[in-house]
Amino acid sequence: MAKIVGAITTSHVPAIGRAIAGKLQDDPYWKPFFDGFPPVHAWLDKVRPDVAVVLYNDHGLNFFLDKMPTFAVGAAPEYHNADEGWGIPTLPPFKGHPELSWHVINELVAREFDLTTCQEMLVDHAYSLPLKLLWPNDEKCPVPTVPVCINTVQYPLPSAKRCYKLGKALGEAIGSWDKDLRVLVIGTGGLSHQLDGERAGFVNPEFDKAFMDSLVSDPEWVTQFSNEQIVEKTGTQGVELLMWVAARAALPGRVGLVHSNYHIPISNTAAGLMVMEVAA
Amino acid sequence: MAKIVGAITTSHVPAIGRAIAGKLQDDPYWKPFFDGFPPVHAWLDKVRPDVAVVLYNDHGLNFFLDKMPTFAVGAAPEYHNADEGWGIPTLPPFKGHPELSWHVINELVAREFDLTTCQEMLVDHAYSLPLKLLWPNDEKCPVPTVPVCINTVQYPLPSAKRCYKLGKALGEAIGSWDKDLRVLVIGTGGLSHQLDGERAGFVNPEFDKAFMDSLVSDPEWVTQFSNEQIVEKTGTQGVELLMWVAARAALPGRVGLVHSNYHIPISNTAAGLMVMEVAA
Amino acid sequence: MNAASQKLEIPGTRVFDGELAQKGYALNKMCFSFNSAENREAFRQDEAGYCRQFGLNAEQYEAIRTRNVLGLLAAGGNVYYLAKFAGILGLDVQDLGAAQTGMSKDEFKAMLLAAGKGI
Amino acid sequence: MNAASQKLEIPGTRVFDGELAQKGYALNKMCFSFNSAENREAFRQDEAGYCRQFGLNAEQYEAIRTRNVLGLLAAGGNVYYLAKFAGILGLDVQDLGAAQTGMSKDEFKAMLLAAGKGI
């Protein structure tokens, strides 16, 4: 049976792409952010995942308001990164894993998740950049991936509670996969930031820290809040922490914290990073 | 508060469009089918709905396999009928009801249905023809409508059990709408038929009759079956009865049967029709 | 327990699952394009070129070329999309039914009428 | 009980709900089109014509014309789509932040750096 090796949660911001392209990793502005990743690379070398399931949110590249899914799961042989409107160089295509995709889709629909399935799907910076941060030295992402996209564009968004349930069911689905492979779960988004409105630039390190702690010790803590309350506490785009909630929930039982980092700011964003393993 | 006046469930087949265009209502082949509708018209004259929520399945007009939703709800000001590939004349656009659409979307997502929301949406014969059958003398459908589309194209389809829950939640959502309007629920699809494969032409009147009876007396009866079992009993497209399950479930409590009709064949299909009211 | 593994065998019947959906993607995408009259005309003008443009494999192209309905299904075609191809050929669902069951169209229609007797 | 009616007022903050989604549909559809470099160029060539083609209302067009970020939000713009318009103008999210808060870009950046001190 398949085994989940752990979960990595990280922020994503288009500016990371510019920093990578410009080799700014050691620039004083960027160093505290990029310095979070070598321990992750060491952990990945140790656990050697065969495939990654990536929870992320689309930023208006693949989905528009004519067909806006709450939860979308990719089932393509390959996922292309594409121009999002600002002409940043795109990363090479990501290999898919249709067999795991369909297994996950079948199991989640059987568990009453009303998925949108995507046999063709463009993936944006929320997908491409975290994978590049995890495997910076590989020209192409070395593991095949399965995208799971959560709507953070148009309300009503799924609640933190629903996302927790999605993650839990996803973990069970992966665990029931009849293949002897090691699966990594990735959640990208957040932490506190707000791009739009008079409150632009809002961040909330106290809440972010409490949230990061809760993922280890009490992962359902955040499900007490409505999305509007999460926005109040973390900013309009802080609600992207929903991907972290789902990724953590995919890990069965208690977890151990392998590594974490937290830094403000990158661009307008409070950047968080966590690596969690299933407790022995 | 809004009030559900009842539910109408009916089959849909492209050939009905050809029969209407050709004025074949009194043709011996078509008469037993069209004769089912005058009692429905009389009932509609009595209950005078202000708006209709239409559960139907798309046949590859609005959705493709690149983004195939389990449940999609329309939130457009207007829905256009369009060429489905065989060049049948299209019907005039259907007026939407965005306010009810968003109310339903908000309530259903709050109840953990993972909808795809559609602010632009083409509607096919499964939508246009049943509405034309209900209001044959109006050039345009006289009531605004809200589309709720259930995937019957690509497996895994939502189970009958999940569709029952959707319908129940939809009924609660409508019932909680703070407008003094009369809402009609429509479900289109089925009954037994199979278009594809060596078993094409399969129908099953015994099962259809049992299913129609069950909607009145024991609406959860059919939820004991998996979709594969429903296909075995009703044919590959017989599974479109899922829309009937959801429409019936939207009616709170016990129902009275106002009218029903059943006729084989129209085209390859066993045509069913039911009008149900909430029991006093 | 594994929901996906509960497969029911139904004679003469396929459910369009992930396996078929993967296999038939190019074919179904082409048929989906036939919602547009312009695309139907482009297909009529140059069938082989149109099929190539959508990346049909040899099995799919052969089934299109020979109007082989069961072959199209075996190649991953989904009936909801294939119906649009049938539209190009001027075939209705009873023509398709006859073609798949090996009956004449009259026999196929008679079978359905018989099924409606005495219900 | 009515899930939709539980609205929370957050100063300087809007959630993009059904009401804004309806209001901003044309504007957001135009901004979505800016994923394509060709469309960005078409906009640059003829801003007014491009906006007309997408059916922007007067409020939306005026906010586009005057590069008024808060006006675009008030007109139903969604930040994820508006970011693509910002891309055309060569603005990053810190330019947008400054524009919305009335700070200079340097002040806005300094505010964020200060928020990161001593965490």
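Here the chain labels run A, B, C and D in written order, and each chain numbers its own residues starting at 1.
Simple rule for what comes next: contacts are C-beta pairs under 8 Å (C-beta built on N, C-alpha and C of every residue); 3 or more make two chains touch, one makes a residue touch a chain.
As the structure is a prediction and not an experimental result, all values here were calculated from the model.
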| item | value |
| --- | --- |
| Pair joined by the larger number of C-beta contacts - A-D, A-C | A-D |
| Distance from the mean Cα position of chain C to that of chain B, given in whole angstrom | 24 |
| Whole-Å separation of chain centres (CA-atom averages), chain C against chain D | 45 |
| Centroid distance [mean C-alpha coordinates] between chain C and chain A, Å | 39 |
| Per-residue multi-chain contacts in chain C, two or more chains | 3-4, 17-18, 21, 25 |
| Chain A, residues touching no fewer than two other chains | 65, 105-106, 109-110, 119, 154, 156 |
| Overall pattern in which the protein chains touch one another (line/ring/star/complete/other) | other |
| Chains that touch, pairwise | A-B, A-C, A-D, B-C, B-D |
| Footprint of chain D on chain B - complex, ascending | 75, 77, 98, 101-103, 105-107, 109-111, 119-120, 176, 178 |
| Residue ranges of chain C touching chain A (in the complex, touch as defined) | 1-5, 17-19, 21-22, 25 |
| Residues on chain D engaged by chain A in the complex (per definition of touch) | 3-4, 6-8, 10-18, 21, 25, 28-29, 31-32, 34-37, 40, 69-70, 73, 78-88, 92-94, 96-97, 100-101, 108, 111-113, 115-116, 119 |
| For the chain A and chain D complex, residues of the former touching the latter | 14-15, 59-61, 64-65, 82-87, 153-156, 194-203, 205, 209, 226-229, 231-232, 235-237, 262-265, 267-268, 270 |
| Chain B residues within the chain A interface of the complex | 63, 65-72, 105-106, 109-110, 112-121, 154, 156-159, 162, 165 |
